[in-house]
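Chain naming follows the written order as A, B, C and D, and within any one chain the residues start at number 1.
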Amino acid sequence: MGAVLKIKDLDISFGGVHAVDHLSFEVERGEILGLIGPNGSGKSTTVNIISGLYTQDGGEIVLDGTDLNKKDIADRVHLGIGRTFQSPKPFLSLTVYESVYISALLHNRSKQVAKEETERVLEFMGFSKLAWTSSSKLPVEKRKWLDMARLLPARPKVIMLDECLAGLNPAEMNESLELVQKINSEGVTIVFIEHVMAAVTKICNRVVVLNEGKRLSEGPPAEVMRQEKVIKAYLGKGYGDA
Amino acid sequence: MSGLIQVVINGLMIGGVYALLAVGLTMIFGVMKIINFAQCEYLMLGMYLTYCLYNLFHMDASNNPYIFIIPVAVIMLIFGIVIYQIFIRPIVGRDMVSYILLTMGLSYVLQNAAQIIWTANPQSIDTAIKSKSLYFAGLDLSVPLAKLVAFVLAVAFVLMVSAFLKNTDMGRAMRATSEDAQIAALLGINTKQSYLLAFGLGSLFAGVAGVLLSPIYTVYPRIGTLFSTTIFAVVILGGLGSVAGALFGGLLIGIVENLVGTYLALDLAPVGVFVLFIFVMLLKPNGLFGVGGRKA
Amino acid sequence: MIKLKSKSTVIVLVLLVLFFLFPLMSKQLFGNTGNYMLLIAFNIIMYTAMGSTWNIIGGFGRQISWSHAAFFAIGAYSAMIPLVRWNISPIVGILAGMVVAMAAAFLIGFPAFRLKGVFFSLCTLACGQIVYRLLLHFTGFTGGASGLVMKKINSDRALMLLFKNNNVYYYMMLLLAVLVVAVCIIIEKSRLGYYLKAIREDEVAAESLGMRPNQVKLCAFMISAVLMAVIGAIYALRFKYLDPESVASHDLAIRIGMTVIVGGIGTVWGPLIGAIITVPLLELTNAYFGNMLNGGLSQLLYGLILIIMVIFMPDGVISIKSLWQNHKVKGGL
Amino acid sequence: MRKKSMGKIMALVLVVSLLAAGCGSGGNTAQPTNGGTTEKANSEASSEAADTTAVSVVKIGFLNPASGNDAESGMLDTEGARLAVKHINDSGGIKALGGARIELIEADTTSDAKQAPSVAERLITSNSDLSAIVGTGFSGLTLSILPITEQYEIPMVTNSSSDDIVAQGYEYIFKVAPLSSDFGKLQVEFIQNLNEQYGLDLHKVGVVYVNNSYGINTAAGVKSMAEAAGLEVVVDQSFPAGFTDASALVTTLKNAGAEVIFPIAYTNEAKLIYDTMKSMNYNPLIIAGGGGFLWPSLGNALGDNINGTISAASWNWDSKNILDNPELVKVYESFEAEYGHYMTEHGGPNYLAVWAVKEAIEKCSSTDPKAIREALASLTEEDSVYLKIMQPGTLGFNESGWNDGTKPVLIQWQDNKPRTIYPLDMASSELILPDSLK
């Protein structure tokens, strides 16, 4: 096993706001790590830094021994970092197939291979029937799944899912969780940003709790959620959850 | 030395003119996130209005057109609103491409409507102020009066507009809309109304500019095309929807234009402007006074 | 599906044949005005070609560029200057023009693509103006505003691409247009095409999949610039006179974009439809109303028609289909 | 299926538009608001051959911009041509063809050299019985049309100035106006006279010109002449057409201490330059190179400030050759009556151009363009009094097609009208020395 992704002393602030405050944690290979915390605790910011959207003021990100600091977004994707966004970002005028195919093209020299890869991913994500539907016609949950599907052709090592349950009904949530586990079972490490605690406790092996940009606690969901400070952080922010 | 000072003064003066034109554009730009390619045609109309009123009241060299600021402003405000209601409203919410094509078409229409009404011949008003100036014999410096007036009023306008945007509900609504139309809408702000207002005011400012410029330039249907590209540069340079930026951008471009024009070559003055423009774009994509929102 | 596809290809082929035979038919069809019709047809073909090249970056990638007149001008001048000044064959000039245009596209695109949307557009507008001003300024070389004019051609000189019969240039342009459209079709289904579409839809998402949008855009921009340069060269040879105002002014830049937008931006056949509409439209308004009402009427109508089109056909004339057909998504790649 | 329907559209649109353009190419049913008729659709006309005896109407095409940047001077050109047609028809038309009337068929070239060729081609092809063309006033437009008139072998009489026009070996072009490069000779000569006559020492000159075809050619002439005459050209500066601020320009001139400036500009630029000079109280002697400095609109724009300004002109309404000739005096009087302003540098040569075509037709008594071309080539001022209207009263085209006898004149604005003051044998009034030189 061992850590696939190491975050060391990560730090960033916007104007006066210290969004991420000397944050360090590690992601074990093959696990589903829950990254939780109240709103504004710096979860999404962390993801944006890791994926390369923001440049940190200080700290290191190491993926399988390669330091990502100097790498741009594209490099990081090729090295194995994948991420989705809080609100899905479909290629509206394109079909489901094309959306995935584009990603496949980006990571395969041969078009033929890319096509096979696309077929495989669609099959795997249960999109086969919807392949020729326009992304614009998809309901929100399917859009979120499509975002995940698009990541797979890159054969990512780590996928960071930013609130992939937000705005879904219980049934859809369960489907989503099954998909996430399915992807994970393929050996893809998952970083699962969420504040629906039920979901987190259900699928995460481990959680890291953020508060005001700092790491508040870490450990198996069940026991972390019992901790005084964690509950306070949530209640303090007015979140008594699930 | 006094040569250089004179050049800078010249730059400031014409810069004031640019700023005056840019304020209207940047307002529409900021609130609606669109370039109104017909903005300078509003200027043209403002000048023609002044010209007509001036002759209507049989004014001569002893008068000056500034008394028409209010009437022209009112007429142009109404005009802007009408134009918005007829042409712009149907396409609100469409992508950039529609706006570009529509405002282009609009500028064709206005230009040629003007040519139909007033012919292509340049017209001008007979006022003494056009060639008056404050002359400092000692320093051998001169400041053209008409431009000075335009400059001062431009600054005054910029202050008024920023005050309006800060302190009135309408103004706040418009600022909110320019920050993020969707969120503004969620907050119950009537964004359509902000758009309407922005467009109306945009045309109002162009009209006022028209009054102030009528002593300096002759007016003919295509006078607007003299300014359009420069004004776009000014607006972007100053920063998206930033009124203060429009002023600063205008002055900066005015000075650069005159420096290049005087010490390099007049033909290259526009080149100097655009090179500056591109550099600022690269160093400060949000413009000098920009407030984000670059991903238009 | 397959049947329909083949059907449409038939229609396109018919059109192609029509254009191909037009020089032979026009006299019969239009009598004395045949040659004039031929000139209009030439312009339609030219604007189709220009529109299609613009469409590569402006349509597929939705990067609205106002600097394409500059590439057109670069091509035109590169062909004309060597011919007029040193009597060097335009063939050399065309090749040179392609290189220069590509370089210019890089110099313009590299900074401009760091900006998004409207800001990119205005940056290209500024760049276009710079080229225009430079052409005006370096009078000794470009002839400045007086332009460059070709001596009267008394005999055909194939190597110099000088022919007395304008039909030769007609076919050159037709060939070029077919080539350009072909390139567009290929690109649309190519890697580059898909990348551009992804950028058009959501650049951030595209980047998060491992794309480098600016490289993709720059590549498309340069391809489109090179093609545009060749079109400019043929134009110069056909009309034998150039001045910055007519080939490098931003009126032309805008007209190119407008042709595509009217027809249907981002579609392979939009530029053709756009050209088929706008070119005759301009001629008609000029012919019927040219000298009426102080000469203002023709352009006024032109503008009005544009406005009406935008309001009622947001996605260009090509979108009329949506009137009788609800948005089905075609299958197959 | 999108493709299918789309194909339909394309096919349809193509056919419709081409047919439309087909009739459009000729078509103008609407009556013109003005003197001449605009292009007429006439399918029968195209079939009817150019018959030398029984023609009732002779068609002369008229090409000039009515829209775009150059619409103003396009209009000034039109006035002269329309008046000529009126006069000819009122005085019994073309005698040699049994009193055939002249019909001026006007077409708007627009101000765009891309558009002009197709307009010309349309004019010619949709009026197969066209005898000749008059136009344009713009070198750029004329140059872009030359290949077409040559192809159809239709003579074109132009008043555009650029030297290039008659230097390309085209045979169907006739240029009535003096070469713009000749202006310089006159301007420089004039300064030397001033220096002698009034004991002045004007030797620092500035050449500032709008960067268009006319400006470049004229400025080139005056520069070379000035240097040859030992004058010191302290400023040689072109500026973009339609610039918005003259202060950089005037500052340069002032700092360089130019005593005489040779400006070439149009109304708006000229107004900017004048106002700025006045505002910087800098009053050099102005000897302009024509263009906007001869237009009524500049007179209106500057009011009395324009008086005293001197300018070269390819033609002026009150030169000796005209004042001494009652017939020609009638011409400019009726012009002023008709259009409410003096006869301009554009009006005169276009008036002549139409008369030249008319007399050519009289000579060869045919409406066949080729015959008319030959007749034009051999035309002289003796053929009609109206051909004496160009200074110094001569007409005659050399083999390149240029009316090489004609000479420019200098005018001075006096009482808001341009009056001929030089050369003296053409002068109608005395130079009024500007105060700055007294």
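As a convention for this text, a contact is a pair of C-beta atoms (placed from the backbone, for glycine too) under 8 Å apart; a residue touches a chain by one contact, two chains touch by 3 or more.
Here the structure is a predicted model, which is why all the values come from computation and not from measurement.
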Of C-D and A-C, whichever chain pair has more C-beta contact pairs: C-D
Distance between chain centroids, defined by C-alpha means - subunit A, subunit B (Å): 47
Centre distance in Å when subunit C and subunit D are each reduced to the mean of their C-alpha atoms: 34
Inter-centroid spacing, subunit C versus subunit A (mean Cα positions, whole Å): 44
Chain centre separation (subunit A, subunit D; CA means) in Å: 73
Junction residues of subunit C, two or more chains touched: 133, 136-137, 293-296, 298-299
Sequence positions of subunit D contacting 2 or more other chains: 67-68, 71, 74-75, 211, 238, 240
Multi-chain contact residues (two or more partners), subunit B: 112, 115, 119-120, 221, 265, 267, 270
Pairs of chains satisfying the touch condition: A-C, B-C, B-D, C-D
Subunit B - residues contacting subunit D, complex: 3, 6-7, 10, 13-14, 17, 61, 112, 115, 119-124, 126, 130-133, 135, 142, 144-146, 216-218, 220-223, 225-227, 230, 254, 257-258, 261-262, 265-267, 269-270
Residue numbers on subunit C that touch subunit A, as the complex places them: 191, 194-195, 197-198, 200-202, 204-212, 327, 329, 331, 333
In the complex with subunit D, residue positions of subunit C that touch it: 4-5, 7-12, 14-15, 18, 29-37, 39-41, 43, 133, 136-137, 139, 144-147, 149-152, 154, 239-241, 243, 245-247, 251-252, 267, 269, 272-273, 276-277, 280-284, 286-296, 298-299, 317-318, 320-321, 324-325, 328, 330
Of all residues in subunit B, those that touch subunit C in their complex: 33-35, 87, 90-91, 94, 96-98, 100-102, 104-109, 111-116, 119-120, 221, 229, 232-233, 236, 265, 267-268, 270-271, 274-275, 277-278, 281-282, 285, 294-296
Complex contact set, residues of subunit D against subunit B: 67-69, 71-72, 74-75, 211, 237-240, 242-245, 247-249, 251-252, 255, 267-268, 271-272, 274-276, 278-281, 297, 300-301, 303, 305
